[in-house]
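These are the structures, in structure tokens.
Common to both upcoming complexes is chain A, partnered first by chain B, then by chain C.
Let's look at the complex of A and B:
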């Protein structure tokens, strides 16, 4: 288990001090993908760099399977690896296979293990055919996939993923999500930061939300969405709707404590949009039908983690302000 | 499994990596450049001696250096300067090159120690320098230069002493470069300083006293005295200067190794 207790990181720039991480307490257990979310500048990358032993915390503690990275950095580095989507992290003038071999040496992977593992990882990220090509001839997506293979070269117990799908094409990002889910299922602890909240929602069993370096809340994606009062959005298409239907929808929304959006589609049909935390699709359609309207389409959008994160960030910003 | 501090496989792997990358980056231009450097260094000294000195050196020069062979003096100095600058550059710029290439984080998060990694670069640098110096010495030989040598053991000791000085300087320079986040100004300043202070192309006694004293703080200065004793005068390495060169060189190694982890963290913090 990776655990942090009251983690704090300050950066000094001349006379000014910026607090990037402020009292963060996290747990990243084996066998689960743990999410770390927050807007830009929230302290996610700084936190990951501290866990990866690249930065020292100003105060607070980090333990990786009871090991202290400040006292046993090498032992900790054998158990972890870092994949950062924003950085290439592989050598441009070496081939894919040469890169993996070199990093295998840096991680002291035994020769008998390294060869088969390189083949396995190249297959995993779909680069077997490009294994002998120098990386400077790779596309960005290929280099990123190689970087992912590099992050697995030491078969780490914990994988720190900082925006791993940044810049990847959708099918490759989907394949990577499958790989991450499989790694967690095999028992690895994974910490994931991503701007693609659908990705976090799909993969993470537990999510920490931070803002300005501080812990805002935590829970499963479903819990976070529910806790922040996420709204379902109901969209109903009503062809040839009369003014009575519009009036009935407006009155219904007012009774429910919300406002209805009324738009006209290209064919003249009325498109009604109502957002509300409760189950309102049934009562809304009954109100429309009751006023003489007919339904041509009904769509219910569940509240998303993105809505929840935005709501949390706004709330934190309001408190800070 | 934890790596030993001087992991030979990391030294070998880093040597191989640097060799492979250099061969791909400069398939032939690197060696042409090296050849030209050797030809120009000795060739210009030869022309200068003929045009300005009429083929002879002043008596004062003989007193200062213990030799009347100006071309031999220049050849040893130029070969040593090539050894120092290229050695310091290869190992000293290794980490800042990683930073520029976006691989520094991947390197630092790996458990391999920095010492074997940099020794891998130093081993590559030594191999490349042997090639470069051989070209330079070949050019000098063609012009009739015959450097003195007090024996193969002394020659090996002199090269070892210079190697320690170069490796120590490269460690410190590496820490300075990644702390400052730039390489160009740092390396040029250092090269200008050592060219002036360490007596590569002229006797140090021509310098003002303060600069002679400052020169003692640079490990290549005493190492050059050892080299001169072996290859210019043929008298052999002076034990006192050999001890000073090793002591100052090893001090730089220790300072560099202690400073590097802080410098690496500083580099990481700069990009937070």
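Let's look at the complex of A and C:
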């Protein structure tokens, strides 16, 4: 398990001090994908780099399977690896296979293990056919996939993923998500940051939300969505709606403490949109039908993690302001 | 990308082999692996074209020729045989300059490779090196060694052929060839490791490239004997390992000196090598600690 306690990281630039991470306490257990969310500048990458031993915390503690990275960095580095989005982190004049071999040597992977593992990883990221091609001839996506294979070369117990699907084509990103889920299912601890919140929602069993380096909240994606009072949006299409229907919808929304959106579609049908945290699809349609309207369409959009993160960030911003 | 399982070692029950090996030690073997891998990586990164032969042979030869034909008229200077006997003999003058060119190629190739190494920061791979458990000194030494071997082997072969043709080499004992080889190789590798250590951390150390080009060949006595230089330049030259290496090479190959006669120079060279190595270790430690504190490892 990776654990942090009251993690704080300050960067000094002359007389000014910027607090990038402020009192974070996290747990990244084996066998689970843990999400770390926040807007740009929230402190996600700084946190990941502290866990990867690339940065030293100003205060607070980090433990990786009870090991202290400050005292035993080599043992910790054998247990972790970092994959960041982008295609820069490989050697352009070396082939894909040479890159993986090189990093295998840095991690002291035994020769008997390294060869089969390189083959396995190349297959995993779909680069078997390009294994002998120099990376400068790879496409951006291929180079990024190689970077992902590089991050797995030491068979890390913990994998730190910083925007791993950034810039990847949709099918490749989907396959990577499958791989990440598989790795977690096989026992690896994974920490994931991503701007694609659907990705976090799909993969993460637990999510930490941070803002300005501070812990805002945590929980499963479903819990976060519910906790932040996410609104379902109900859209009802009513063809040939009379003024009585419009009045009934407006009155219903007012009673529910919200406001109804009333628009006309191209064919003249009334499109009613009502957002509310509760289950209002039934009562709303009853009100429409009761006023003499007929239903041509009903769509309910569940609140998303994205809505929750935005709400949390707004709340944090208001508190700070 | 296919959705395949990794090797069986990914199962949670199996502690990965390298974790166990790390805990069990094996540091020396790991160091050797890192050293070899870094040397090979250096080769693959820098030698992407056959045109590199120009920097390996043609360019040093042109420099040697230009120097020789610049200094050659000195032979006609009245009384030169009394002040610098070697200059009066064209073949010995050529041998003197050739040893200087060989030594300079050894050391300056490492300045170039260190400059190349600093691009790891630009390409984003430097962070990956520091993310790994590999020994930092093994990385910079391996990188320097790889650069050295690939940069000098062709020119060194040419120099051996030249010395054989000139018949100017007279060693006190055949073992002195080994002394000469080591006096060039070991300080040069330490020099390369030191420069690598400085250049990978500092964005502002590119001036070293300029400082260690012309000033180095001048102050180290590559093309002129040290006694012809002002004292302050000789003081500057004394801290350059190339100066000591050239003194050993020329003393052993051209003057037939024994190891006993060269002992003071060798001791000085050895001390300088140790200092450079310690300097590299200190620079790596300080640089990594600073990068961990400031987060500036990735800036360029």
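Going forward, the second predicted complex is superposed on the first by the 319 of 321 C-alpha atoms of A that agree within 3 Å, B and C clash if a C-alpha of one lies under 4 Å from a C-alpha of the other, contacts with A are read in each partner's own complex, and residues count from 1 in each chain.
In this text, a residue touches a chain if its C-beta (ideal position, glycine included) is under 8 Å from a C-beta of that chain, and two chains touch if they have at least 3 such contacts.
Source: prediction; values computed, not measured.
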item: Side-by-side fit of chain B and chain C on chain A, or clash; value: clash
item: First, second, both or neither for A:279, with chain B first and chain C second; value: neither
item: First (chain B), second (chain C), both or neither touched by A:299; value: neither
item: Chain B versus chain C as contact partner of A:98, first or second or both or neither; value: both
item: Contacts of A:244 with chain B and chain C, given as first, second, both or neither; value: neither
item: Partner chain(s) touched by A:263 [first = chain B, second = chain C, both, neither]; value: neither
item: Which superposed partner A:75 touches (first chain B, second chain C, both, neither); value: both
item: Touching partner for A:6 - first (chain B), second (chain C), both, neither; value: neither
item: If touched residues of chain A are counted for chain B and for chain C, the larger one; value: C
item: Common interface positions of chain A, toward chain B and toward chain C; value: 11, 46, 49, 52-56, 73-75, 77-78, 81-82, 88-94, 98, 101-103, 105-108, 110, 150, 154
item: Of all residues in chain A, those that touch chain B in their complex; value: 11, 20, 45-46, 49, 52-56, 73-75, 77-78, 80-82, 84, 87-94, 98, 101-103, 105-108, 110, 134, 147, 150, 154
item: Complex interface listing, chain A residues touching chain C; value: 11-12, 30-31, 46, 49, 52-56, 73-75, 77-79, 81-82, 86, 88-94, 98, 101-103, 105-110, 113, 116-117, 120-121, 123-126, 145, 150, 152, 154-155, 157, 171-172, 175-176, 178-179, 182-183, 186-188
item: Contact set on chain C toward chain A in their complex; value: 1-7, 9-13, 16-19, 21-23, 26, 29-30, 33-34, 36-37, 40-41, 44-45, 48, 123-125, 127-134, 289, 291-295, 297
item: In the complex with chain A, residue positions of chain B that touch it; value: 1-3, 7, 9-10, 12-14, 17, 20-21, 24-25, 101-103, 105-113, 117, 265, 268-269, 272
